[in-house]
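Chains here go by letter, A, B and C, matching the order in which they are written, and residues are numbered from 1 within each.
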Amino acid sequence: MDAQPITNTEIYAILESVRRTTPLIQCITNNVTVNFVANTILAVGGAPAMVDIPEEAEVFAAVSSALYINLGTVHADQRMSSLSAARTAKDSGVPWVLDPVAVGMLPVRTALARKLLSYSPTVIRGNASEILALAGHKGAGRGVETGNEVDQSCEAAMELARQSGATVSVSGPVDLITDGNRILRLKNGTDLFTRITGAGCALGGVVAAFCAVAPAFEAAVAANAVYAVAGELAASTSAGPGTFQVHFLDALASAALERDGNQVSLA
Amino acid sequence: MDAQPITNTEIYAILESVRRTTPLIQCITNNVTVNFVANTILAVGGAPAMVDIPEEAEVFAAVSSALYINLGTVHADQRMSSLSAARTAKDSGVPWVLDPVAVGMLPVRTALARKLLSYSPTVIRGNASEILALAGHKGAGRGVETGNEVDQSCEAAMELARQSGATVSVSGPVDLITDGNRILRLKNGTDLFTRITGAGCALGGVVAAFCAVAPAFEAAVAANAVYAVAGELAASTSAGPGTFQVHFLDALASAALERDGNQVSLA
Amino acid sequence: MDAQPITNTEIYAILESVRRTTPLIQCITNNVTVNFVANTILAVGGAPAMVDIPEEAEVFAAVSSALYINLGTVHADQRMSSLSAARTAKDSGVPWVLDPVAVGMLPVRTALARKLLSYSPTVIRGNASEILALAGHKGAGRGVETGNEVDQSCEAAMELARQSGATVSVSGPVDLITDGNRILRLKNGTDLFTRITGAGCALGGVVAAFCAVAPAFEAAVAANAVYAVAGELAASTSAGPGTFQVHFLDALASAALERDGNQVSLA
């Protein structure tokens, strides 16, 4: 069944809750976009901590407000850290988000992602090809880019959500969020997100921050909405991908974001 | 002999071909500038994929449109990945670019660069000291900076090109590109490239993207030209290295770059 | 005793000395903020070289003008490199700066930081919680953020300075710098430094660059002052953390910084 859209007021209340409580967000993420992920989490009001060495990841997961695991560049150390931190998060009741970058086309990360599923991620965020692949369907990913439309992945996303118990968030021109029962589509956003590296990674970090203060489905919807609206605001003042990345951080950090209640377009 | 300069029209046609075909560019590159390299490849229209773990690098090289190997921070994993990916690229006919950062002054990367030469790079891009060192001459590099003038490396660049079969691209105030027979000098550019980290690395990535759609010498000339012209445009609106890096990505991504046919100065 | 404030003229003279001599600054630093650290060192006029693999770190330390060791993400390789580079720096008379990120709450880096102290760092730079922890007191750090006020760490900072022989620089709303005898407080700065990742890391790199041309205490004071003044200038033209980071690099690189002799507020 389709979900009753969450209201603008509910969405911005979740953002304000992040800003008020500054949740500690542990990130085990790729080295390509790690700086942007940290700055994006700071912009929404979280406290990012990129603690990813095997000797420290587990200890830290137990005291984090939420955990973000991104498989962009899974060196041996990060594979070990991901597994021990995810297990600890599960055991400690710490919400955690899985971002299965390029899963499907590359063997190491695909096997790792399947193992991580057994530790009950709170939210899984990816593009259509990644979600299809993780659900066991045939995807058409090309490197870190999707080769599938979001709607092609709708059934797979619902299956994956039911099997894993996670909320599944599929990013694309229209985002799709489902917990296996409810489905919401979000129309906000800008094409400029595809012109910079790390837009998906940083969204995953924001979803983790929102999971620290709200239930999975609501957190995923609110994170996608706030992120997409900030992207629209930034796009309107940007001359290209360089200025867009800069203005996006400004927009996301601006108190005007929630004060003005910019319209979220859910269906 | 000196080459007949490539025309502006030919240069921008290669850029348009990248934008039209979105070649998949695998990068095995240093963690200092990896984000900038990815964003720069996106800006010219390529699809960067930073696949550098030993278990995945080889598989991916066989399906990439081009491969970029940069020796900036060659940890053990990257040394293994570089060798297996370069060998695969050679065997699969995938063009690949070698960026021998700081070769000459540091033993590990110097030995690695020599081994990589046996896998027939398509283009070698470096500063004068790095090219001198790789050709077996005495360079005067200081960290990642050159201690030599581009013209001092002209003979060494031609030798290296003849021995390796690669086009050699020497970056500096005037860039020099040679395939061992033809030589071109490019006067475009801006001193601001030396005030940010990664200008050389990102150029290497752009050369790889251009190699996916054009022969080595033409690709290297066109990549250097487009990069330098975008740098000039960005410099004219920048207050320092911070804004320059941002405006440079905007300029490189702008359709105006090819539409206006900004004058390239080759000799 | 409190120190006679260093004059504006003396501070900007140290900056000009860095700009004139372009000291080579080796950095063994975390992969989250490594790009910003490199760009910041370039902006003050240094030549950063991120040489951190075990096979090269030692060789390079012997020829560097100064060394910067930051414990943000201490993977096994960086732990080895840090120890051998610090030992070499000590033996070669190369000044070096220790940035004990998140020391106190995480076991691996806390043990490493204690070992590194035996190699006589020139300056130790951290937030109040990190300095308290390194001095053996109980800190209240939370991830990479401090849980303590700068003034709570004053006694610990003086103790640590006396025991280690280092100048200790504590960052916060008011910075505190002591060599165990003299104490200076610096009121310049902006809250925006806490809204981006890496402001502390990049300051550590700048302190290292200044140590290449001036004695420890004076170098630490001048680096903190120049950094904070550039931050104030950038904040006055920034709409949020995105533009702040960009304008900060512009301000730090601007010749106007020293020419206008912007007022430093020391006590």
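Annotations
In this section, contacts are C-beta pairs under 8 Å (C-beta built on N, C-alpha and C of every residue); 3 or more make two chains touch, one makes a residue touch a chain.
Predicted model only: the values in this text are computed from it and were never measured.
By the residue-number overlap criterion, the interface of chain B with chain C counts as different, with under half of its numbers used by both chains. Between chain A and chain C the CA-based rotation angle works out to 120°, given as a multiple of 5.
Averaged C-alpha coordinates put the centre of chain B at 33 Å from the centre of chain C.
Among all residues of chain B, those that touch two or more other chains are 31, 35, 245-246. Residues 24, 26, 31, 34-35, 38-39, 42-43, 47-53, 55-56, 59-60, 77, 245-251, 253-254 of chain B are the ones touching chain A in the complex.
Note for the complex: chain A touches chain B at residues 30-33, 35-36, 72-76, 102, 106-109, 142-145, 195-198, 238-243, 245-246.
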